[in-house]
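Below are the structure tokens for one structure; questions will follow.
We call the chains A, B, C and D, going by the order they appear; numbering starts again at 1 in every chain.
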Amino acid sequence: MNKTVTNATEAIKGINDNMVFAFGGFGLCGIPENSISALVKSGVKGLTCISNNAGVDDFGIGLMLHQRQVKKMISSYVGENAEFERQLLSGELLVDLIPQGTLATRLMAAGYGMPAIFTPAGVGTEVAEGKEVRTFNGKEYLMEYAFDVDFAFVKAWKGDTQGNLIFRKTSRNFNPLVAMAGKITIAEVEELVPAGELDPDHIHIPGIYVHRIFQGVDYEKRIEQRTLTPRA
Amino acid sequence: MNKTVTNATEAIKGINDNMVFAFGGFGLCGIPENSISALVKSGVKGLTCISNNAGVDDFGIGLMLHQRQVKKMISSYVGENAEFERQLLSGELLVDLIPQGTLATRLMAAGYGMPAIFTPAGVGTEVAEGKEVRTFNGKEYLMEYAFDVDFAFVKAWKGDTQGNLIFRKTSRNFNPLVAMAGKITIAEVEELVPAGELDPDHIHIPGIYVHRIFQGVDYEKRIEQRTLTPRA
Amino acid sequence: MLDKTGIAKRIAQEVKDGSYVNLGIGIPTLVANYIPQGMNVVLQSENGLLGIGPFPFDGEEDPDLINAGKQTITTIPGSAFFDSALSFGMIRAGKVDLTILGAMEVSENGDIANWKIPGKMVKGMGGAMDLVASAKHIIVAMQHVNKAGESKLLPKCDLPITGLRCVKKIVTELAVLDVLPDGGFKLIERAPGVSVEQIKNATAGKLIIEGDIPEMIL
Amino acid sequence: MLDKTGIAKRIAQEVKDGSYVNLGIGIPTLVANYIPQGMNVVLQSENGLLGIGPFPFDGEEDPDLINAGKQTITTIPGSAFFDSALSFGMIRAGKVDLTILGAMEVSENGDIANWKIPGKMVKGMGGAMDLVASAKHIIVAMQHVNKAGESKLLPKCDLPITGLRCVKKIVTELAVLDVLPDGGFKLIERAPGVSVEQIKNATAGKLIIEGDIPEMIL
């Protein structure tokens, strides 16, 4: 089942204004750089974007914010991003801040066909407002719903033509969960290999969750906080 | 954090009558052979055993049934096992049959700290009796609870001294889920290696879920249905 | 009248290029043998594999590599292993396009009974309840009548059911029938040499016959 | 009076051999530097790593290997990577023994506020709400008073809270305090050169002082 497309522009066919997109990545680590570039070029707008973070001013989802393509961000931490802050304060941008584990688990729930999950995160806080609270074994939990994602964009280290994906180190982060959540999931990889070259025991996301895959180009892989140990 | 113990006998210290145990494996594939032998020798009894299957008459959990150590089996399919059938029909053994996906997900829920999950499996059947039914997006789901497991027994292919585990092919099956569910999780491995020898990207279950690990011996790895393609 | 192979061959015609398919034990397993060469179909085994290959040659069997029927199997290029929770997760999320399984009874509204006979030793439902509750498309492979000669296509299931309103198509030794969304078995094709009358006689549930019913081509 | 390093050093004394620990951003991150050599402690990073190693040497940094503060890090023998759902799964399941994090306010019943100041740009709670709702043991590292000189140990949090009744211990520049199950800050130790009176004056919530309060040993 060959899912290969030639590049990001071909991969994003079918996107439309006002859709719900989800993106892998934590900060700028493991973000789908090629897909984001193609989305910026596409001019698609009115988007709801589920992503743990919102990029920085000139990279990642920050590029889409700059083009005013995003109507609403659903994130756990939106970090340092001046344009983001300006749009938020002016009311141009809506933001749903939700706990990071809740974000991860709501994506996972979509991939596992579970309509809702229970988590104690946010009980008693403003995150709980309007949500069903339920007690199990004397502890309170919020019921949180699975996300409904039109297009999911992920970045993997290696992938094969069948869509099987392997992630590298902490660039795995939200990528497998986002991959599982998409009605259409688009994976870009640093290395695309023929089916059979990946060890079936090493695959993090089986191809059944991936609809289109392409070999990415020109990865910048920007580091946000280069923190070093001085050499002795 | 060295979790190594010398053998199965040492690994099972702390087990007691009437506890809840969970076992990895599908049929006889990937079962914790060494731990089961030690449990048979220990004479522990009155057990509730969560395991997808119940072994065969002379192997796997069948050995524990033969010693009348099991009070109750929680399984999805109990297969061909004459002693099992005899005990069941005589009322010596209780059996809870639950859907395989429900079994897997209730174990996973324990490992993910989720007290309950929703699944459509069993809606409208006798499995649903007494259970909460809830409708999401027009589809009915049962609410099913996470398992509460005292000791979990798994078999992995490779493991390191920190308890990190890698499974091989379809012997993975329920093992990672059982590993996550145990208050005490005991892993036996075909090859125990020093910390640092496993690629951190290849680990299926991180050591945080594993409390004791040992190098297994004398694996039989019995095949239930040797099915072959005739050579041309 | 079809034999088991014939039923499997006919069902194989329903498998679409580019689909993920779960095959139950028995006749459904045979379907894999008749999927046309060159068609891209990935078989899922609910014990944790996408991409089931053929049975191994003697001496190449691996105790760590079995299907959900516990038979030794092989992998193919592009196979992937995973745990049982993800396996049923992908089933529950509707990622598996087609499930083919056996049944003891099917009702005219698509209920299926295939796991329990009261009074007999019950072995368990395995993954059947998960599969029928979640699969996008379900085809049942079974005999039209039971050993006592009674129809297995009923107004209502007598046996404890496995899932509600889930079966979309049935292939038996006599016929191919669609289960209509509003209820009823719509006769689609007759098996070679089988008359509409024979099918009528063997079907206890509401049978819908419109126009000429073609004989199936295998 | 302790500086940030002193707070980190004192908290390091609370870390037990054989434990899994999650360190928040800021002072908590420094705690890693003062865990005694030879003690087996595994640090969890909620973006998907167990076994955080030191910062890399110049030229060895890897953009695919960062901690939850987005700093470049390294691994150690026995490290394992996983996705964010499993990461918070192990946190939620109580597998992480200790969480150390900063706070803006803690109330005498253990409520914590550390994510939002009304009227200011809110950056989000990240993983803090998950951590405080689930961790078995939570130690807060913070200044005793805010920049306006007001106590951050309060009868009740004024700021929007992050989690209820979760903080077990607080280490500030002035003192170590336990949050009692029935409420109240129990004074355990004074920082070097700090008097009980100073701690009283800096604590707005119920302060419990029993017997002589020893000076901490760093």
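Simple rule for what comes next: contacts are C-beta pairs under 8 Å (C-beta built on N, C-alpha and C of every residue); 3 or more make two chains touch, one makes a residue touch a chain.
The structure displayed is predicted, hence computed values, not measured ones.
Should one ask which of A-D and A-C has more C-beta pairs in contact, the pair is A-D. In whole angstrom, the spacing between the mean C-alpha positions of chain B and chain C is 28. Taking each chain's centre as the average of its CA atoms, chain A and chain C sit 36 Å apart. One inter-chain figure worth recording: chain C and chain D are separated by 56 Å, centre to centre, where each centre is the mean of the chain's CA atoms.
Residues of chain C found to touch two or more other chains are 49, 75, 81-82, 85, 89, 91-92, 134. Multi-chain contact residues of chain A (touching two or more other chains): 105, 112-114, 119-120, 167-169, 172, 200-201. Taken together, the touching pairs give a contact graph of some other shape, not a line, ring, star or complete one. Chain pairs that touch one another: A-B, A-C, A-D, B-C, B-D.
On the chain C side of its complex with chain B, the touching residues are 45-49, 54-58, 61-73, 75, 81-85, 87-89, 91-92, 111, 121-130, 133-134, 160-164.
Of all the residues in chain B, the ones that touch chain C in their complex are 26-30, 52, 75-79, 85, 88-89, 97-105, 107-108, 119-127, 157, 167-177, 204, 221-229, 231. In the complex of the two chains, the chain A residues touching chain B come out as 105, 112-120, 136-137, 139, 141, 145, 166-169, 172, 200-202. Residue ranges on chain C touching chain A, taken from their complex, read 18, 20, 40-42, 44, 49-51, 75-82, 85-86, 89-96, 134. By the touch criterion given at the top, residues 1-2, 110-114, 160-162, 164, 180, 194-196, 198, 200-201, 203, 206-209 of chain B touch chain D in their complex.
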